[in-house]
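Each chain gets a letter, A, B, C and D, in the order it is written, and its residues are counted from 1.
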Amino acid sequence: MADPLLQVVDLFCERDDRVLFEHLSFNVFPGEILQVEGQNGSGKTTLLRILSGLSRHYEGDILWRGTSVTDSADVFRRELLYFGHQAGVKAVLTPEENLAWYAALDSGIDLKQIPKALHAVGLTGFEDVPCHMLSAGQNRRVSLARLYISRAPLWILDEPFTAIDKKGVATKEALLLEHASRGGTVLLTTHHELDLSRHVRRINLDELSGT
Amino acid sequence: MSFDSFSDFLAMGGHALYVWSCFALGLIVLLGNVVAPMIERKKIIAEQLRRIRREEAQS
Amino acid sequence: MSETKLQPLAVAQHETEYRPGRIFVATLKRELQLALRRRSDLVNPLIFFLMVATLFPLGVSPEPTILMTLAPGVVWVAALLSTLLAMDGLFRSDYEDGSLEQILLSPQPLFIVVLGKVIAHWMITGLPLTLMAPLIAVMLFLPAEGMSGLVLSLLIGTPTLSLVGAIGAALTVGLRKGGVLISLLVLPLYIPVLIFGTAAVDAAVTGLPLAGHLALLGALLALGVALAPIAIAAALRISVSG
Amino acid sequence: MAGKNWMPRWFYQLASPRWCYQITGKLLPGFVVATLLLITIGTVWGLAFAPQDYQQGNSFRIIYLHVPAAYMAQSIYMTMALAGAIGLIWKMKVADMVAKSCAPIGASLAVLALATGAIWGKPTWGSYWVWDARLTSMLILLFLYLGIIALNSAIESESTAAQSTAVLALVGLVNIPIIKYSVDWWNTLHQPATFKITERPAMPPDMWIPLLILVIGFYCFFAVTLMMRLRNEIIRRERRAGWVRELLMQQRG
């Protein structure tokens, strides 16, 4: 088997006097889709924020390609795509401008791919409409368009399918599979029943939480 | 001793009000800085004991 | 929906192509674009500036001789408060819509992005304030000789205000009641700029050489440009982490 | 991880809240005695035995309170910023707690310095408040303290609060010399020849020795109250640790 991309070793996190998880260890290999499960408040979002490097309230080690993410933050960030609760879409900018800004932040993105990505999420014809005139679902899709242009191996997706219709979810699932088949890795949380359950490995936080 | 008598000392050469009010204030601030953590300590210990009792009752 | 092919994954490049200039320009462009689409944010500090300056003749006296001595301080204090007013929104809107998380997670050097944001902020508050200052100075009977000192001192001093204020904005970005707190944190740090700024105007009014005062303001600015972005970047990471 | 080995062993022991709690418990009585002795001797000497000032008479004796308080207010700020920096760099919990405990002590001493300065001003300058350079700098220092306390209490998460205030304290630390210089400069600009209350040429030993004793006494006093606050903080934050639980059970008896 190939070397793991991401290694989580003995992770501990507590919040408001409550242990969210302890002794949490797992490896993620290229081509894997990993779904983090748990009840509301079990720390799914916290875990994804910790893994992405946003939150530093944890003890334990996180290794990316064998080196600690705190030591090689630059390399790690170049290979990471994070999709959070907030879409990260500027309301006064157009979808095109929003994606252009992502391209500026992530030099791996090819600007020429942007129209194709917007087409793929069904926003053809809305390229130059300010995002505050779009619906919540459309705004969400602007952000999801990043998945089509990103060349980062690791995707961390927190509830990516909120406000997306059934057909949209199906195409996104296909996208995740395609990403996995090109050697990428997905870590996600979702309330949706995934059709690709055969391909997904699960981690349940409820079993890990302390007393 | 730079004062002739105790009443002289209290009078501070006419500056009694200023000198003594300053030192009274100083005493208050210093004592306050000692008393406040002592009260705080009592409060924290009582709080934590209550928490322990609550947890014991639960389990 | 049509089939789209994903591009191959990026190979982990260890020699990184650092192009700090590009991200700096991109940040500047984005911020200015955002500001131009929300005109009210652009105009509000200016109106505030004008209003605060109007309060002084009403509150103190319309007597030219009195106002003349007050003018440098009043213009400077009003400018200082106006930049502070616009400071709270600097990172807050990015924080609320999630863009800030994306900026923090990007491989680009954070202090460059931060510097770009602060400079853009200065261009849409400090710079217009500087240009508007002579108008208010005339209303407050500042002698014509003082005008050059006023404009030059504001031109060099207001970027420092933006830089220092941004530290406060970064520290309070995750807090609901950040607006009041930011003034508490930042105002004491503004004092040196205020002192040297008004002194420059006073010197210009009395016909003394200006260069020394402006050099001091310039030194503060240099220190601010060197250190503030690092503090802002650290503060942002801490605030978002919480 | 690199560069960790060159720090002495006690540095890492300090990082253990438990060790810290125990060592401060042992040190505390000694410091209490030293504080009481030094402050009593210094105050009696300064109030009763030091010669009076030829210009200001006995009101000059306020110096024995004003100067140590002002001096401590500044040193405590340095201590706080330094502890904050250590907490930021080495992620040391105890350093965060020290920094947090420093703020209220420093602020109260800054208030004391300002109040005594103002009262002293009445017989010296004829008014309670004069925009004297030292007093103004002290007032700004108090503002910095208040900002730090406000920020710390506004942030709910303890570790975020500690890190944020550490950044603010460091920014303030860089600014303090600039503020001091600018205020001094502003002062000479606007009041060319004011009489500085605490600046005098050669003081006779009878005058400055008690002052020195009091400054050292105030340092000890700071150590005492800092340790008391630090111990409270340790109990509160380590409440889930086994040894704190045992300690609490002993208290219950």
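Please note the rule applied: contacts are C-beta pairs under 8 Å (C-beta built on N, C-alpha and C of every residue); 3 or more make two chains touch, one makes a residue touch a chain.
Everything quoted here is computed from the prediction, not taken from an experiment.
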Quick check for the class: compute each chain's Cα centroid; which one is farthest from the centroid of chain A? B
Centre-most chain by CA centroid is C
Note: chain D sits from chain B at a C-alpha centroid distance in Å of 16
List the centre-to-centre spacing of chain A and chain C in whole Å, with centres computed as mean CA coordinates. 34
From the mean C-alpha coordinate of chain B to that of chain C, what's the distance rounded to whole Å? 44
Roughly how many whole angstrom separate the Cα centroids of chain A and chain B? 55
In chain A, which residues are in touch with two or more of the other chains? 57
Indicate the residues of chain B shared as contacts by at least two other chains. none
In chain D, residues with contacts to at least two other chains: 157, 159-160
Chain A-facing residues of chain C, complex: 1-2, 4, 6-10, 12-14, 16-17, 19, 22-23, 26-27, 30, 33-34, 37-38, 96-99, 101-108, 237, 240-242
For chain D, which residues count as touching chain A in their complex? 1, 157, 159-160, 240
In the complex, the residues of chain C that touch chain D are 164, 167, 171-172, 174-175, 177, 181, 184-185, 187-189, 191-192, 195-196, 199, 220, 223, 227, 231, 234-235, 238-239, 241-242
List the residues on chain B that touch chain D in their complex, please. 1-3, 9, 12-15, 18-19, 21-23, 25-26, 29-30, 32-34, 36-38, 40-41, 44-45, 48-49, 51-52
Chain D to chain C touching residues, read off their complex: 88, 140, 143-144, 146-147, 150-151, 154-157, 159-160, 163-164, 167-168, 170-172, 174-175, 178-179, 181-183, 185-186, 189
